[in-house]
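After this come two complexes, each holding subunit A, first together with subunit B and then together with subunit C.
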Partner chain A sequence: MPTVSVSWAGKITTVFRKEMLSEFRTRYAFNAIIMFSLVTLTVVSFSLGINRPGPEVMAALFWIILFFAAASGLAQVFVKEEESHTAGFLRLYAPATAVLIGKIIFNLFLLICMTVLLVPLYIILLDTIPQNFILFTIGLLLGIIGLAGSTTIIAAIVSRASIKGALFAVLSFPVLLPLLVAAIEITLVSFTGGDFAAAGSALQLLLAYDVVMLTLSIMLFDFVWQL
Partner chain B sequence: MIQLEAIDLSKSFGTRRIFENVSFSTGIGESLAITGPNGSGKSTMIHILTGLGRASSGTVQYSGDRGKLAFEQYHDRMSVVTPYHELYDALTAFENIVFYTRMSGREVSREDMDEAVKSVGLTGRGNDAVGSYSSGMKQRLKYALARLRQPEILLLDEPTAYLDASGKELILEYLKSLKNSALMVIATNEREEADFADRVCQLGG
Partner chain C sequence: MLKLLIFPAMALVIVMAFVLPSPMNPQISLGPVDAYRIFYFHVPAAWVAALSFVVGMFQSISYLRTKDADYDRKALAANRLGIVFATIFAKMTWGEFWNWSEIREVSLFILLLIYGGYFALRSALNDDDVRASFSAVMTIIFTVSALFLIFVLPRIYPAFSQHPSDTIVDNQGKMSLSPMVAIVFGLSMVTYTALYFWLYDITIRVDRYIYKLKSER
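Up next, the complex of A and B:
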């Protein structure tokens, strides 16, 4: 019979592995995110033609594509649990915090896959090369960590509502606004070749946002999950 | 020694009252059947007893030798089988078992899993995706999972739903084997299952 031995890290890994296996076999969220980002990028590329707007618009476009692609797929981690009636056993048998962290890591993994595909295509199709690539990468990493943390907890909140899509957009916009403002600022500085000092306040804001959102998510998730 | 006590439970959906002031208590080695016509709140009662559902008024309390048990403490000792909670269709039976036993903090060996699926008549189907299972096979798999959790508290809603004659026999045998070592609450309309219990709580009548 089973013996007691699985640590907290083991439980988080188990949730992540379960999400990976399910996603690998169904490709529910991955396809949505990748297709949305590729289609949006292509449409933007054709719309702009040879006329490239300034770096402010290009930085904003980059994060708009990321945000909507994330919104199209990341909510599925909790929505599909409710829709396929698997959330009941998960609530009964799994510790809430391990479920949340496992799902945040999975969403972060999806976002990393998406950006690995999206960034080179963005650079090629929109002919926009970050002049400070290290700053661009750090801003991007902090941005997607915040995006994964925020969208995962919002997905948990909306998953039990009847109008999930609309509620996700309504809830995520105000929550993600500070993240998007800071991330766009950092991306803009990186496009124009500015240094870390020029993006200092935005980097601090983004780092603080990530820490606050992840901490709040973990603190509030028990309540949200057992609601 | 775990004791379940439900005190003055009432449940309403909007203005519609489902049940009112229901009280009962039961403990290890006892089984309680909750019966009643459709819509009388049997499944709702099981949902409330799991700790996931909320009663409109009244309290549910699980207590052990050292007093009241917290949510995590009684969940760790609990197995639930209901047609409304599903396993993961995209995963195989073994992957589902590994997932849920690991989430409960336990490792499960291949031999234990083989034995568990064999005990519910699913020998040789452990590596098949649960999505390819019939409703009856899924129900059997839920019992395999419940068995591996070695529950002290067993909450069952329509315990033989979707099962064929041999499945019903297997499950009733399993429940008999647990009768002295577990606290069982069974929501059912089946005479045989209600007769299996030591006491009956009738809802809606």
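Up next, the complex of A and C:
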């Protein structure tokens, strides 16, 4: 861009602001994620009834709700560019990395909105209070960062395919499996009131996963975006 | 040339697998000792499935670097053969079909899921260049996440494995196979690997002809 002299961070911010604007005109992904998480939570609490399974099951259920709610809406960031044929303009405006980072931040924002709503409802409806709330929050944050970081590039891949929704879940599940296992482990420790040392190796794994996946998607995104 | 060696070697392995005493020490075996003869075939098959995955990743990286469609064909061939060799084992001695604490079984199952996702993606993309690049990118992402599973998960879950762990290497790090068993097992590994590369070569050649026919039309 010879004529436009906007800094790197400026472009990322602009991409993020553009996402926010176009999202809150329709609120498609936002509604999908929020409603999907509410519906899944309701299904889980109804089907459990008055039974309260142990913390292992509760931690797993929490992340299953989160995973499927995320799968319902996160692909939208790139799918909507293809559907409205605006991807070409975005390519002209910003370099690939800025587009990817802006969209990852936007997906992260969506996930944070979802968890802010989901966690209190989960605690109320399922009567499960994390004993170690700081560990719970840190595990949740790391998990969400990994979720947004590794699925945004998959959303870009899926947006050019003919069956988008199903393919997104099929492709992201094997990639997210290490994240799910580590995050469930951390949530379980926080439910039973363990300290940071008890979740040490899972926290390390989750952190390493986040860093590696973010780096990998930034490195590979050029090949997806330039076609 | 390779196939002339593969057939007698494979025949030898099959015969020897039944002639030799079972590789399992009867004192520590859980079930019928003869069932452990599967060792000669299932370890090499699992090894080839994992090898194929690595070959696929290297061909994918080469494709992204050169954009040469031939590398895409090679990656496809590797993944296609990988899904043939990746088989799910349920041994009668375990008494159950599936066990999630069995880390090797789980990682192979995930390998199958990954191959499934790879082919679903390929069939959903129409443009040749887009299909080649996207599936190469996805293969690399899958490989990195599989590395996490294979190397990191067993440390977090020191779950007991139903695979005997001291069959090949014992606690002191020495070979615990008897020399004859070790030779046949090594031959089986080499034969499986050779079989893999032979099939790999054939698959690529067939794909090249299909591509040539299509572009002539």
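Things worth noting here:
Convention: the second predicted complex is superposed on the first by the 222 of 227 C-alpha atoms of A that agree within 3 Å, B and C clash if a C-alpha of one lies under 4 Å from a C-alpha of the other, contacts with A are read in each partner's own complex, and residues count from 1 in each chain.
Heads up, the rule we're going with is that a contact is a pair of C-beta atoms (placed from the backbone, for glycine too) under 8 Å apart; a residue touches a chain by one contact, two chains touch by 3 or more.
Given the structure is predicted, the values throughout are model-derived calculations rather than measurements.
With both structures placed on the common chain, the touch criterion links A:178 to subunit C but leaves subunit B unconnected. After overlaying the two complexes on the shared chain, residue contacts for A:197 are found with neither subunit B nor subunit C. Shared-chain residue A:116: touches no atom of subunit B or subunit C. In the superposition on chain A, A:50 makes contact with neither subunit B nor subunit C. In the superposition on chain A, A:95 makes contact with subunit B only, while subunit C stays out of contact range. In the superposition on chain A, A:170 contacts subunit C only, with no contact to subunit B. The residues of subunit B lying in touch with subunit A in their complex are 50, 52, 71-72, 75, 78, 80, 82, 84-91, 95, 98-109, 112, 129, 148-150. Residue ranges of subunit A in contact with subunit C, taken from their complex: 150, 153-154, 157, 160-163, 167, 170-171, 173-178, 181-182, 185, 201-202, 205, 208-209, 212-213, 216-217, 220, 223-224, 227. Residues 64, 110, 113-114, 116-117, 120-121, 124-127, 129-130, 133-134, 136-138, 140-142, 144-146, 148-149, 152-153, 155-156 of subunit C touch subunit A in their complex.
Partner subunit B is touched in their complex by these residues of subunit A: 1-6, 10-11, 14-15, 18, 21-22, 25-26, 84-86, 88-95, 98, 226.
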